[in-house]
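Listed below are the structures to be examined.
Heads up, the next two complexes both have subunit A, just with different partners, subunit B and then subunit C.
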Partner chain A sequence: MISTYRALLVAQIQSAAQYRVQSILWMLFSVIRPVIFLAAWVAVANSQGGQIGAYDVRDFAAYYIALSLVSNLATSWNAYEFEFEVRMGRLSPKLLRPLHPIHYSVVENLVWKLTTIIPLSIVLVFIALTFDARFRTTPTHLLLFVPSVLLAGSLAFLSGWVLATLAFWTTRVHAVSTFWDRAAFIFAGQIAPLALLPGPLQAISLALPFGYILGVPAEILRGGVSVTTALELMVGQVFWVVVFYVAFQRVWRVGVRQYSAVGA
Partner chain B sequence: MTEVVVDVRELRKTFQVTEREEGLAATLRSFVRRHRKDVNAVAGITFRIDAGEVVGFLGPNGAGKTTTLKMLSGLLHPSAGEASVLGYVPWRRENAYLQRMTLLMGNRTQLVWDIPAADSLRVLQEIYRIPEAEFQGTVKELTELLELEELVHKPVRNLSLGERMKVEFAAGLIHSPRVAFLDEPTIGLDVSMQVRIRRFVAEYNRRTGATILLTSHYMDDVVALCKRVIVIHRGRLLYDGPLADLAERMAPYKVITATLHDGAAASTDLDAYGTVVSREEGRVTLRVDRQVAPERTARLVNDLRERLADISVEDPPIEEVIDRVFTSEQTTVSA
Partner chain C sequence: MIRYARLLRLFFRTELQYELEYRLNLILEILQTVVVTATSVGAVLVLFSYTTVLNGWDLGAMLVLLGCFYLVQGFGELVLQPSFEKFMEHVRLGTLDFALLKPASAQFLVTLRHFQVVALAQMALGAIVVAVGLGRIPSVGAFEAIGFPIALVCGFALIYALLLALSTFAFWFVRVDNLMALYWSFMDAGRFPVDVYPGWLRVTLSSAVPIGVAVTVPAQMIAGRLDAIGLGFLVVGSATAFYLASRFWRLGLRSYTGASA
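Right, the complex of A and B next:
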């Protein structure tokens, strides 16, 4: 399997090289939203004496920088592409090879992250210096961040695939994914750090999978939660990864029987 | 004993399709209540194919050919019936099965668009776990048969349709499958490229002994490659037997073509010998009942004598036979 991944990685890097400018533009686009929220929260904090809850301006900066990094490392966009592949019949050749189609997707996401992480890091360092970001990260936080972001990535990837697999039943998964993304916008920690969400919303964000994808690893990276809390939150991540793994296995098994190989 | 490679029994596939009348009112009604209709794409077909056979799978558009190939390759689950290919149930898609078969579709690409085919072949080598020496051997053989030297190093998107089809064949056969399902492999190709692909398929079958089930709308493909054909129409099997017998069974007439020396084709009355189909520039084409064809031919030669420059007696063109089969909807015939 390692040599298969190596070959897929080489091919994907070659393909990605054809679209490097597009990749950089997408990366920059992904940073715009957190920067807008950062600017908004800085303005609000400044108008209220520089502090909102446990966050001052420098904490907000650290949070949104961590969030941008986590967003790049953890999120994936399978649903949109998978729907296209099902609708256009492009899934068929992949289904007929002795390799589960999910592996191509893993590699595509890895290559996207590899090709954008360096330019993104430069942008984030620039933002950190501009806003004088303050990280409260300890070595233990850094140590916990690694499994936490891996769990977040797995969670985003698997939940994306569960949604994507709905394309076997409907060729309009786009609407469902958009609804999912809107929910993530509120509950994942993008609009505000999870700790600043009003009580019920905060409870919902940690009862649903969204908060574990972005907000949790971002807070761990920023050192915004204690080590004990970080470990508790990571248990939540493990729980949701298992839920979506099982869901994916089941939905895929049933869905693939449903596949009508349209036009292919 | 010959090994049965493809064994299909009463295979069926029914699709549910949504129907809607035209107009705004019908559109609004369809929001609340959808009309679904069952379409029997494959309505219970049974056949067997032995190891090493090249079989033509014929039928008009919508006959169920591609649906059958998709079930046999494992892409589709059937609604009913059974099938076994190389001893595997195709739609379980076990890796051991996928490693021994291929489905090549003339209008679909399985190569990575942005990279040279040589790199795609390397990826396939890893996916199919082909040992290096075997891989090199197969690449060499396919390169020679398909004349690929120049092509494999160009990005796939820069290849012409014909060139792309050749590298598609290489990608589809790189794991040396024992069964190949070819769905319209020459579609859209120019005549010279069609001939090359045909030659390749025949040579590949000869060298490897692979079993091949081929659909094509070009009868030249079928005539050149298949001794046996299976004809289906509206999901049902109409004929399964030698291509040579298809005309005899489905078209009970022969075509006599007589060329006259003196250019009198237009005026000579030939109706007594058979039905005149065409007359042009000294050449008359007659349709004659199969049973009486030898006697009529002899009489024609005797009556016309020295006015006759040439005469031929042939089965009707295969396209015509097939068209007769589809339009007459004859009951199942098995040779």
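Right, the complex of A and C next:
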């Protein structure tokens, strides 16, 4: 398995090396939205004397920088590609290979993150200086951040695959993933740090998987939650990873049987 | 001029007929647009649950701005995005010849040829959000009421000029979809007034990529925060941008070599 992964990794890095400019441009997608909402919250905080709840301007900056990093590390774009592959019948050759298609996807995502992390860090340092960000991170937080972002990444990846697998039944996954993305827009911590979402929205964001994908690891990286709270939130992450892992196994098994390649 | 209006109507009708063949798809697309707009309004409401004014913009003015954002974005998706995508494909495949040989302005035929009819729903929702926002603004004078459509058309012209200039690079570099992707990612920044952004981003959004101006100024207009001089600047500025972009396009066209030439 390890040697298979090594081979896939090398091939993927070579193919990614051809599209360097593209990876820099696409990296902007994980920066621009956080910066937009950061600017908006800074304006709101300034109108209220510089403080909203437990956040001042510099805390907002730290939160959104962490969010941008997390969304680059944790999110994946499987659903869009997978629908295309199913509709065009391109999945068929992949199914015939001895390796589950999910492994190709894992490697693609790993390489994507490796190639974007350096330009992203440069941009984020620049933003941190512009907004004078203040992190309250302790070494313990950093230690917890590693498993937390890995869990968030697995959660985003598996939930993306469950959504994508719906393409076996309907080729309109695009609509489903739009609804999912918009729910994430509200609940994942993009429009506001989870702690600042109005009561019911905050409850929903922690009851559903959304908050655990972006908001939770971002708060841990920023040092915005105590260590005990962080551990509690990570239990929630583990729970949702398990749920989506089981769901994926089920849906995939039934779905592949359902799949009839277009044109076959 | 009448001939061009008639052509435009014809283009639109064929695309509409095509789109109506897939009704379920159309309904789903409209539903997605509704969800996207509703969640954006939700985001603004969350921000305004902590304040009454954001950089001098109250909730009413902010909703007007968000509505303008969807009007401008909807316009881009209605005709510019589909047409420019096809245009770049034509350059790549060498099929632009067919447009060049027709007895009408090539720029018109290429840049306003294709429609994504669903985007009309986006524009309609934008108009509704503007109307809701206006309901919270005490009074709108005659000057504001006349100036608003003018400012909005200027905003459309600015976006058009920008995309035309960007896509002209296709004549030299062939694959420029990355540049277009850059535009779409910056577009998102239009949802807030351009003055909330820090220096470097504000400069980018108002000069290099005038998305901020195209959205913010029409909203300022109807919220009564723009005088005649400001409107004059906008009109002259967007007319100049339009002219320069068209010139640039003609310059690029000279480097175009046909399919097998």
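Of note:
Keep this in mind: the second predicted complex is superposed on the first by the 263 of 264 C-alpha atoms of A that agree within 3 Å, B and C clash if a C-alpha of one lies under 4 Å from a C-alpha of the other, contacts with A are read in each partner's own complex, and residues count from 1 in each chain.
Convention: a residue touches a chain if its C-beta (ideal position, glycine included) is under 8 Å from a C-beta of that chain, and two chains touch if they have at least 3 such contacts.
Predicted, not measured: the structure shown is a model, and the values here were computed from it.
Applying the stated contact rule after C-alpha superposition, one finds that A:Q14 touches subunit B and leaves subunit C untouched.
Contact with subunit C, but none with subunit B, is seen for A:V42 once the two complexes are overlaid on the shared chain. Of the two partner chains, subunit C is the only one touched by A:A175; subunit B is not.
Within the superposed three-chain model, A:P93 lies in touch with subunit B and out of touch with subunit C [touch as defined at top]. Looking at the shared chain after the overlay, A:P198 reaches subunit C, while subunit B stays out of its contact range. Ranking subunit B and subunit C by residues of subunit A touched puts C first.
The contact surfaces that subunit B and subunit C form on subunit A in the two complexes do not overlap at any residue. Partner subunit A is touched in their complex by these residues of subunit B: 15, 70, 73-77, 91, 93, 95, 98-99, 102-103, 105, 108-110, 112-115, 119-120, 122-128.
Across the complex, subunit A meets subunit B through its residues 3-4, 6-8, 10-11, 14-15, 18, 89, 92-93, 95-99, 257, 259-261, 264. Partner subunit C is touched in their complex by these residues of subunit A: 21-22, 25-26, 28-29, 32-33, 35-37, 39-44, 46-48, 52-53, 130-131, 172, 175, 178-179, 182, 185-186, 191-192, 196-198, 201. Against subunit A, the residues of subunit C that register as touching in their complex are 25, 28-29, 31-32, 35-36, 39, 42-43, 46-47, 49-55, 178, 181-182, 185-186, 188-189, 191-192, 196-198, 200-201.
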